[in-house]
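Accompanying notes for the structure given below.
Each chain carries a letter (A, B, C and D) given by its place in the written order, and its residues are counted from 1.
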Amino acid sequence: MSFFEIKKISKRFGGVKAVTDVSFTVQEGEIFGLIGPNGSGKTTLFNLISGFYKPNAGSIHFQGNRIDGKEPHQINRLGVARTFQVVKPLKRMTVLDNVMVGAFATATGPKEAKAIACETLDFCRLDHRRKNLAGELTIGDRKRLEITRALATKPALILLDETFAGLNHAEQDDSIKLIGRIRDSGVTIIIVEHIMKVIMNISDKVHAINFGETMAEGTPSKVVSHPEVVRAYLGEPYDHHA
Amino acid sequence: MKNSSLLISLLLSGLLTIVSCSPNDSKTPSTDQPDPVNVGIVLPLTGKHAKFGEIEKLSFELALEKVNAEGGINGRPLKLIFEDTTGKPDIGRSAAEKLITQNEVVMLGGGYSSSVTAAIAGVAINKGFPFLVNTGSADIITEPTAHTPSGKKIDRLKKSNKSDDITTKIAELTKKAEKEAESILSRYAIFRLNPPVSEYANGIESFLAQVVKPQTAVILNENSLFGTKGAASFQKTCARLGVRVLLKESYDQGAIDFKPILAKVKDLDPDIVYMSSYVLDASLLMKQSMELGLNPKMFIGGGAGFTLPEFYTAAGKAAEKVISATLWHQSIPFPGAMEYYDDFAKRYNRETEYHGAEAYAATFVIADALRRAKSFSPEEIRDALLKTDMETIFGPVKFISYGAKVHQNRLPTYVVQWIDGKLTMIWPENLAKQKYVYPVNWPEERK
Amino acid sequence: MKKHTFGIVIAGILAVAPLLIDNDYYLHLMILALMWVVIGSAWNLLAGYTGQVSFGDAAFFGTGAYTAGLLHDHLGWSPWWGLLFGPITAIMVAVPFGWICFRLRGAYFALATLALNEVMRHTATIMDGFTSGMAGVMILQSFTSKIPYYYIALALAILSVVCVMAVMGHRSGYYFLSIREDQDAAESLGIDTHFYKMISLAIAAGLTGVAGALYMNYMGFIDPEVVFSLHDISIMAILVGIVGGVGTIYGPAIGAFVMVLAQELFRTGGFGVITSLAESTGNASMITIANNMTQAHTLGFGILVVLVIRFMPNGIAGDWEMLVKAVTKKR
Amino acid sequence: MELLLQTLVSGLLKGGVYALIGMGMTLIMGVMGVINLAHGQIMMVAMYITYSLFAIFGIDPYLSMAIGAPTIFVLGAAIQRYLLNPLMRIETILPENQVLMTVGIGMVLTESMRIIFTSDYKSVQVSYSNAVFFLGGVSFSMPLVIDFFLAVAMTCALFWFLIRTDMGRSIRATAQDKEAATLMGIDTERITWITFGIGSAIVAMAGAMLLPIFYLYPDIGGPFTRKAFVICILGGLGSTVGAIFGGITLGLAEAFGATYIAMEFEDMIGLVIFIIVLLFLPGGFKRLTGV
């Protein structure tokens, strides 16, 4: 039994096929990259995994539980947390309160939730913003808050949706380090990302999709040299040393 | 924080000043005149019922001039202080409380809709304060025993339709209810000038029995207290007359289209159609009946809407020959009735109707009681009201107790008919201005 | 702690108020205001904190009121039992409604509550065998003095404010806020948003039901148009919340007092100040102005509502700092 | 049989008027997403204008639309521009602030009319107020028949306006995605007040058509606001064609309810349909027809 597995999953909206027959497996402790052009169905896949959409066919398994068809909050409680591509900060709550909302997943009371939240904020290097309202944060901090909040629910698997988009170089480097720390803490990661540098540096395995269908899967270097991926997505072969 | 606490204290002190320093109207500085006797009148001057509130207010004012011209209250002028209830019970209660505590009035009058009147009655009951109701028509307002636990039991018993020995049970319970209400009865100072809604249609009963002699009836009513109670009492009338009620249906005020229901009525082909509606629903009902060619032997209105001038203006020839129950009509040979009607028309350039007459008459009842009261204490005014026995434009006024009712003025009701665009008294026959038109050739009338 | 001092001081003032002002009229206004504190706080919990705007508070208010009245009518129980059973029946109305309608979001949910309001009103009117229909329910009041009602209303008002405060400090409070801010984010953080919206609705309905039962006991008479009134109860509840400050603890309480007093101020022409001024000067035009003023009081009230929403959209408590600045700057 | 036909005809004709009332609102709700709780009150103001024109100058209610509708357009546009739009710019906890603003506006309109015209009931009696013709024993009210065809014509005109004209396209773009419309160079702010104006003008016409067969007093607005909601939700927000279906459905449902259940359930039926549609057909008929 694998840690996380998607079997032949499909999703249609009206007549439009968003995802067709996608399957993959993620091992515990892995960083699993998901790439593909815009509109190729990556976010739809995330929404399927996290329960926001219900698949038309196929199944999703996590730690031995079948999770497709469950409600998003149930899936979160089973240990799958997610972030949103378009960040959804709880704007008129403080950063600390934002994270506490997540922390209540395991905490018994406000005190404990606060302790967990502070710990997670420290871990993500966001504690200097704890008293700010989430609506006041810069885009970089918002992305980070999104991750912090998801981590506070103590997941076993976290889905990161384009957490690097819109960040400057320094912030990107910080985030790469953060993802490393998350993995080191024992959380498995599935990441959707456009910035190839990130994918190449951190992923253990990459899965490429286009028009909702699998193009290639394998190690990062294998996938970026796959001719179809090059044609549909990269435009030119990825230069490892650029 | 300092600033905000400053603001808090400012606001608080402001509130307290408003509360503590608001002026007391009763202490008017005029010295050359004797102090007026203040009476509070609660009426809906804004809101949905404002139209009738206004007619009543104008009538009160008209009557007040007469009273003061006659010398007021033993040399002191009578002063009516009007408070707006906006047609809402809680606000009505605010108005009553204000009149009693701030304006120090000696008694209350007015009260339009039943819900507001009932809320004000609550104040009057609590304080044993005299309150002369002249419009609020819910029966319970003059039935203090009806709200006690035993009173409610009686009510349920009556509704349950069990025929076996309920009369003795009711008698037993009535005694019990009276005991329960004793503390209230001893200081119950609510009096009502107008008949309760359950008696509105009484006058029509004899007309139907002697003239129309219908076999079948349809009852349509508005879904308000006035409408439902009016319809229920007419249903009883039908039962007494042996008239079969083919359909009894209520509707929400403000419907645009009555045709479906009227088509159903047409299908049933009843002898009479009884309608308990306010003015414009009444005119729509008549207009659409005409459009459908619904022609029973008689259309009967349950008062209110069917007697207003607007009814005829809006319904036009569809209103012709329609009859209605009414509480008052200017042609009733009570002293001053016609005079009041003319005065009102001259002064305000508009027509008045029975609500105005109630208010007008109430002013004289108030003045009469206050003149006879030994002092202006609530108890003395109550005693004076109890001894009322006078003639008004609304008929003879005497507050009696009957059935579960106390302090209720008992009045006959009348039947009027729209004849050639004029609302004419036709029943009882001895008071009739003109002979009723029956049978009616509807298609001819509506050409 | 600072926040609590404010509340405790106000509660203290209110507790001794009847000793200072022995006047039935003012006490009546205070009782009404305190009742609105309960309703406003309840509405605020659901709308201000959970983001589910209700246009149908009267449905719960009326249910509470009718529970009190009908317990007396049919079973002969004291209407005070309504304070206990009113909220229970109100919750019984709220829970199935919420279960069905909370799949609707935003304005659609608001419309559904509006429909619930109307359905309840019609039901109470149509079922006249049970509710006495438009004839209404009348009871005799238990106390002739206003003092007991005042303290009961005060206790309920304090209870409701404390209740909201406690809920907001608890796990559900955080969840309510997160639902208001972003329902998807809340859902992704493992919050059963449907369930927590129902909790919020149930608490709000319960509190509103208590207020309804209080109304029955205090006013002595109810009918469907009065207690299920869209305009006088549901919309008024919203105005109390908005004027006071949405999403603040004390906002609804402030709003309740401001609205009740403002309404009365307008109705009586400044508690009679203008009329008496006019009468004392004896100036004919002044008297006409005074008469017109009192005639136009509902208009004045409406204009006040428009101005408040236009210029103080966060209410008195929400725009407190702005207010403070505006006042202190002038000095 | 006659009863059935009469019910059907009554429902259909009434539905026509309802459709016009709902159409104005669906435009406003669809484009601005504002629940306009002053919709019926705006109609009430229009009815007073029609009434005054008739009472003072003897202008026929149908002709007076030419004056009434533009006046109400200005009123509606001003409400949106000076009272509602400023609220959109302010960050508040509840987006529903605008809804509450419309409540306040409704109060102000009602009370203003009350001060000018008092609470007296007014009605306009014209020669054709009671005109009827019979077809196979079924009575058709002449004014309602005219209103019905006017409603259909108005729907077509509005539909054409939205589809074919630049302004209409801008309105539709704004309704679909305000931000995108702004990026495309549409002055969305201007669009919002124009839309509100048009919506108000349409309901003003509905009011003018209603007056010869109905009556008027200041509190008449509220019930029509509520009816307009039901129609909007039934038809689908922003759908003009939906509005006419919604109106007719409501008219028919009420008529059949009144005949075959009981008239006291008339309003209940509308509300129940409303809740059912909200729950099971969110998006209303628009979802079924696509327009």
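Things worth noting here:
In this text, contacts are C-beta pairs under 8 Å (C-beta built on N, C-alpha and C of every residue); 3 or more make two chains touch, one makes a residue touch a chain.
Values in this document were obtained by computation on a predicted structure and should not be read as measured data.
Hopping across touching chains, the smallest step count from subunit A to subunit B is 2. A simple rule picks the central chain: find each chain's mean C-alpha point, then take the one closest to the mean of all protein C-alpha atoms, which gives C.
For subunit D, the chain whose average C-alpha position is most distant is A. By number of C-beta pairs in contact, C-D leads over the other of A-C and C-D. Our note on geometry: subunit A versus subunit D, Cα centroid distance of 48 Å, whole angstroms.
Taking the mean of the C-alpha atoms as each chain's centre, subunit A and subunit C sit 44 Å apart.
If you average the Cα atoms of subunit C and of subunit D, the two centres end up 31 Å apart.
Work out the mean CA point of subunit B and of subunit D, and you get 36 Å between them. Residues of subunit D in contact with two or more other chains: 93, 111, 114, 264, 267. Counting only residues that touch two or more partner chains, subunit A has 92. Multi-chain contact residues of subunit C (touching two or more other chains): 122, 125-126, 247, 295, 298.
Of all possible chain pairings, those that touch are A-C, B-C, B-D, C-D. Interface residues of subunit B, counted against subunit D in their complex, comprise 46-51, 54, 220, 223, 249-252, 254-261, 263-264, 267, 279-280, 283-284, 287-288, 290-293, 310, 313-314, 316, 318.
Every residue of subunit C that touches subunit D in the complex is listed here, in rising order: 47-48, 51, 53, 100-101, 103-104, 106-108, 110-112, 114-116, 118-119, 122-123, 125-126, 180, 230-231, 235, 238-239, 242, 246-247, 295-296, 298-299, 301-303, 305-306, 309-310, 313-314, 318. Taken in their complex, subunit C has these residues touching subunit A: 169-171, 174-175, 177-178, 181-182, 184-193, 247. Taken together, the subunit D residues at the contact with subunit C in this complex read 33, 35, 83, 86-87, 90, 92-97, 99-101, 103-108, 110-112, 114-115, 222, 226, 229, 233, 264-265, 267-268, 271-272, 274-275, 278-279, 282. The touching residues of subunit C, when paired with subunit B in their complex, are 2, 6, 13, 21, 23-26, 28-29, 32, 72-74, 76, 122, 125-126, 128-129, 133-136, 138-141, 143-144, 215, 219-223, 225-226, 232, 257, 261, 263-265, 267-268, 271-273, 275-276, 279-280, 294-295, 297-298, 320-321, 323-324, 327-328.
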